[in-house]
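Below, each structure is written out as structure tokens.
Below, chain A partners chain B and then partners chain C, in two separate complexes.
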Partner chain A sequence: MADNLTLNDDTASNDTSTKAADDYFAASQWSLIRFKFKKHRLAMAGLTILAVLYTLALFPGFFSVNTHNETHTDYILMPPQGIHFVDAAGNFSLRPFVYGVRQEIDDETWEKTYVRDEAVRHPIRFFPQRENENLWGALTLGRHLVGVEAPGVWFPFGTDEFGRCLFSRTIAASQISLFIGIAGVMLSFLIGSFMGGLSGYFGGTIDIAIQRLIEFVLSIPSIPLWMALAAAMPQEWSSTQVFFGITIVLSVVGWANLARVVRGKTLEIREADFVMAARLMGVPTMQIIRRHILPSFASYLIVSITLGVPAMIIAETALSFLQIGIKPPAVSWGVLLQAAQSPNALSQSPWLLIPGAFVVLTVICFNFVGDGLRDAVDPYR
Partner chain B sequence: MKDAGPQDAVLEVHDLEKSFGVKGGFLKPAGNPVKALRGVSFELGFGETLGLVGESGCGKTTLGRCVLRAIEPSGGSIQFASSKGKLDLRTLDAKSLRAIRPELQMVFQDPYGSLDPRMTIFELVSEPLRVAGEMSRSQMKARVAELMTIVGLNTGYLNRYPHAFSGGQRQRICIARALATNPRLMVCDEAVSALDVSVKAQILNLLSDLQKEYGIAYLFVSHDLSVVRYISHRVAVMYLGQLVELGTTDELFSAPKHPYTEALLSAIPNPDPDTRSPRISLRGDPPDPTRTSAGCPFADRCAHAQDICTKTPPQWQEINPGHHVACHRAQELSLVGAVT
Partner chain C sequence: MAKYILKRLIYALILLWLISIVSFLVIELPPGDYLTSVVAALEQSGSKVSVEQLEALRQQYGLDLPSYLRYFRWISGFLVGDFGYSFEWNRPVSDLVVEPLILDAFIAVLIVLVTYAIAIPIAVYSATHQYSVGDHTVTFLSLLGLATPSFLLALVTLYIATTWFGIDLTGLNSDEFLLAPWSLAKFADMLWHLPTQILIVSTYMAAGVVRVMRASLLDELRKQYVVTARAKGVGERKLLFKYPVRLALNPIISEMAMVLPATISAATVTAVVLGLPTAGPMLLRALISQDTFLSATILMFLSFLVIIGSTIADLLLVLVDPRIKLERSEIRG
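Up next is the complex of A and B:
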């Protein structure tokens, strides 16, 4: 070709690239997002904590220390038991242990109190000899990961009014609470991307109709709407049916925001130059949607989904707390928090609020991860 | 060198029209349609460059896109001399249009927006080949490598993504992609407007070299008169969806016949500080594209307007061989061209 192409022009500037630069230039959008996400410390911390929480939720029987529905009538509303490495005499033991507990009745007030019995020590072991429930995820071991040998007891978060281990219940409850968030968002995502896609792709009357519907859904106060929908669920439904019912209830409200994101993105990408370029190259419409349009907003959808999960978790907790969501004996964090409804219970046994701390932790982690993702997929920051 | 008019046209556009509907709102009645193109006719020869200039909103981009059926024209005809014979692009059905797409290509203004950021350079450049479906993967690889060499890019960059490239390099990638299927016609929509001056010159040289080598015809849409003057054989001036003047570059720039062309030319910056050329500033704003005037659309901003201009629309007349103009007073006015 002509001489001007061999000139030292802008095309030569990358010739002295190192291996690292080469990796960067050949990095796909997803690897770029990963690079950037990894630099976001809060998001990485959030992701780690979420990974731990979800692992616990996957194998509640294995990670709990007691059977979550077992009642210990001798230990009703007992405060959390601390772990010790050093005993009263100052002897250090590498294996942590808990002290035994004795119930005493106060001579004057006739109140029950729990007194630490320093004569009895229960060492904490891996895979202790202890009864385990047949909950899915207890693995074939039929053992807890850690715990004390029977007949000793260890209640890391204390017990509730029926003497059930709050720690084991919190972990068992995380299964429903964490997965209802994901299930709800997935269903919202299906409805939302379908409606939003229709709205954005076709425009016109369909768009106007769907947008007004979204505004209507968003304008209804959510708690009364949930209550109405939850009340419509038959009483005789099993826990599983209720779980799916609640998921649907949450999604019926939750899809609207996602639909807006999808519509906006579809409108934007439909007009992008590279889509027109593809059209002018004669790329068939379905291929344009699959190869160009969908991938270009997948990252934004993932951000919306991530930020949508905590809203679902909070909604489920609220519903269950109000006794219109998940019902006992199924447990979710909201169900556990029901026990903390009376001010009396709260002042006497504040540890009943621990499941609430898990809700807060999960929501914060999801928000950090969502923030990190949003920063990572946004090329202009 | 630059001949007066094409003997053998690759593209003949007749009375092309495009109007965009102005949609009504909830409590707002629908407005008059925006007439973006009001009967545009021109021809483009094989291996020729036709520059298309005009102010913002005059319809030059719409014209470029209508020619390729990127947007649907409302009327007129677009005769294209394809390898399968002469076809009217305007009435072609979707399937035949797709079959002819490889011969029609477009280079966009924004080299950042016109490359899908999720595809590697190989995927981007090979996409038109993949769609045409006539090549094996190894053939495609060879062809893409060849194209990269042609546009002056390192073939080692094929597995990189667009974010690794500068604006000028991206525009080279766009050109390589447009070139992949040996097009006969390329619409360059402000193809160098987003680039800085030195890169602009390289891309313009690349385009004219490609034209000499492969005989591609360019419809070169730009608002930058210096660029158009540099690359075009002929130039068409557009005002409010109509052509007001069309002539060879030399003639149009040295002896414009339309007052609007004169005003545009006077806006070219003069690099010589000693010769100060008179600057013609137009009064008023570009007129409302939804309205149709009885006379010349330019009359209300024209310094030379007379009674006839506001009453009768001017004819598209050939004032010199190959030099067309739509002005009542084209014969009598002596207008100033651009400084050379």
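Up next is the complex of A and C:
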């Protein structure tokens, strides 16, 4: 491949457009897919946002501004604090700051309100000094990336009913929410490609049996089934066990769609000469499926996998929201949304819905990337 | 044709039977039974339960029998309308589930109808005005709709209703009707509350249907016969509705098999948010308290709804599109 490209460089160096065209014709299938994918602007934007979200999720302690399970009893259900560059007097400062907050209680209704205290300013700094913080996550450096110095407080997304920082909790929750999507899809992929491969490769009775099984799984409404399976998990399981439990629960349904794709493609490819050649050479069946058939439509599988992640993320969110998925103290976006369940809490503290926006953003990005990939792997477009 | 219908019905029956096994198995999965949770609750409150008392209760509920025997008891009761006994409610399951399940079926049918009523005109507009501002708006909204979990949509709707308009949309009936017996006034009150869920779920479902329908109509519009018809001077409106729209509806009908489970799923979760007395919240409660027969019965009936629906969809498809009858009966025949 590399030889080809250097050859083209010599012959067509004086004409860049010819060079581009030559590169195009000499490119491998995967570089073609990469070319086309890069032209898909929405997909590239989606990929970038996903990269940012996953980076945040890998180092939640570092990127959050408070410790996610620390309660601040003086700041219960406080609205988000805005970042300012210009103070009340109109002075501009390059370093952003947040105002201090004072709690006031209405004399008659006893209703608590938070009032901005414009006399107090807490500048936002890199690696601020804060006390007694036990950061977790792979990269901590012992400090948050940004924040305000104690005793100032900064809650970018406000706080929940226990006075915990919603921003830090959202970041911490993204770890489970984002990775359960990947884990669920991977497990579904393993089961799906095994079943779909068998079904497509052998045909006949096995095919009919597996086809019926797929139809059967798809005909049970997924959320009630997921609910039943999730509720079946023992109460005393640890957070890690619950995480893997939910992953398995999600793949019980998730494999069926992938198996369909794999079966269809396997049917097409099993008649190809290279499969016949492998069979004549005595390669074991499972190895033919795994080494020769599956890789030949890997690109389509990647599309299906990408488009399968959102369903997993949404399902986990729904289950945790219904209190039968991830359980506190572990946090996922669905767990955080539980706080928004009562209409009363919601109308007074709408910022509790912010984790929901993260779910929507993530799913949209995955859909964009999936659509972009689908267009990119299709040789006829 | 009659043979095909018969085959399809037998197939549906086998599916139903399999679903009954799966429902029961899934519900039996958790360690312990309803009595374990009762005992735990009692012990927490300080009272002691004697072993004899417990055994007596076990026998009374049939919990001492092996699973397969209990399944057998439960499923044979099904044929005569006896779905077992709800431990938590202390009433036969059949007393409990009928009302919510009828409500669920009613709501599901309305949701599917409203979904198509919303989605089809929008998709036709979007496909015929490709790349217009309206089309981009539709595409954007449907992408947003696909990415939003149904319960989140319900939460946002509730928020907007309470803060902007000051209405409480939760529940099926206003407070004054909650305990009243069914009457015309109560029914009218229900009709005022139902549309919330139906509109929320339909909007959510419509997002997907619009995407499929728009794509398939765009494919049809590019085909030769459309060009030919246009060249022959057929009016645009007639041209559009005579063939392309009808053909583009086919994938929509065959997708019914996918739309129905999704509808039931979305209705289950949104009902919890909206506090409706439908099967979803009841299932959730029964699952958490390990009320075996109640949860298995609901799970089974929800799947029933789907299978009945997709059987009807399959039969409809044969009526609508003669080409499919051949393919299908060959595969299944």
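Rule of thumb we're sticking to: the second predicted complex is superposed on the first by the 334 of 381 C-alpha atoms of A that agree within 3 Å, B and C clash if a C-alpha of one lies under 4 Å from a C-alpha of the other, contacts with A are read in each partner's own complex, and residues count from 1 in each chain.
Quick note on the criterion: a contact is a pair of C-beta atoms (placed from the backbone, for glycine too) under 8 Å apart; a residue touches a chain by one contact, two chains touch by 3 or more.
What you see is a predicted model; the values in this text were computed from it and never measured.
Contacts of A:329 after superposition on the shared chain: neither chain B nor chain C is touched. Of the two partner chains placed around the shared chain by superposition, chain C is the only one that A:228 touches, whereas chain B remains out of contact.
The intersection of chain A residues touching chain B with those touching chain C, taken from the two complexes, is empty.
Per the touch definition, chain A reaches chain B in the complex via residues 1-2, 4-7, 9-11, 13-15, 24-29, 32, 272-274, 276-284, 291-292, 295-296, 379. Partner chain C is touched in their complex by these residues of chain A: 215-216, 218-225, 227-229, 231-234, 310, 314, 317-318, 321-324, 337, 340-341, 343, 346-347, 350, 353, 356, 359-361, 363-364, 367.
Those residues of chain B whose C-beta lies close enough to touch chain A in the complex are 68, 70, 97-99, 101-102, 104-106, 108, 110, 113-118, 120, 127-128, 131-132, 149-154, 157, 159-161, 163-164, 166, 168-169, 172, 174, 177, 198-199, 202, 205-206, 209, 213. Against chain A, in their complex, chain C makes its touches with residues 15, 18-19, 22-23, 26-27, 29-31, 143-144, 146-152, 155-156, 158-159, 162-163, 168, 170, 257-258, 260-262, 264-266, 268-269, 272-273, 280, 283-284, 287-288, 295, 298-299, 302-303, 306-307, 310.
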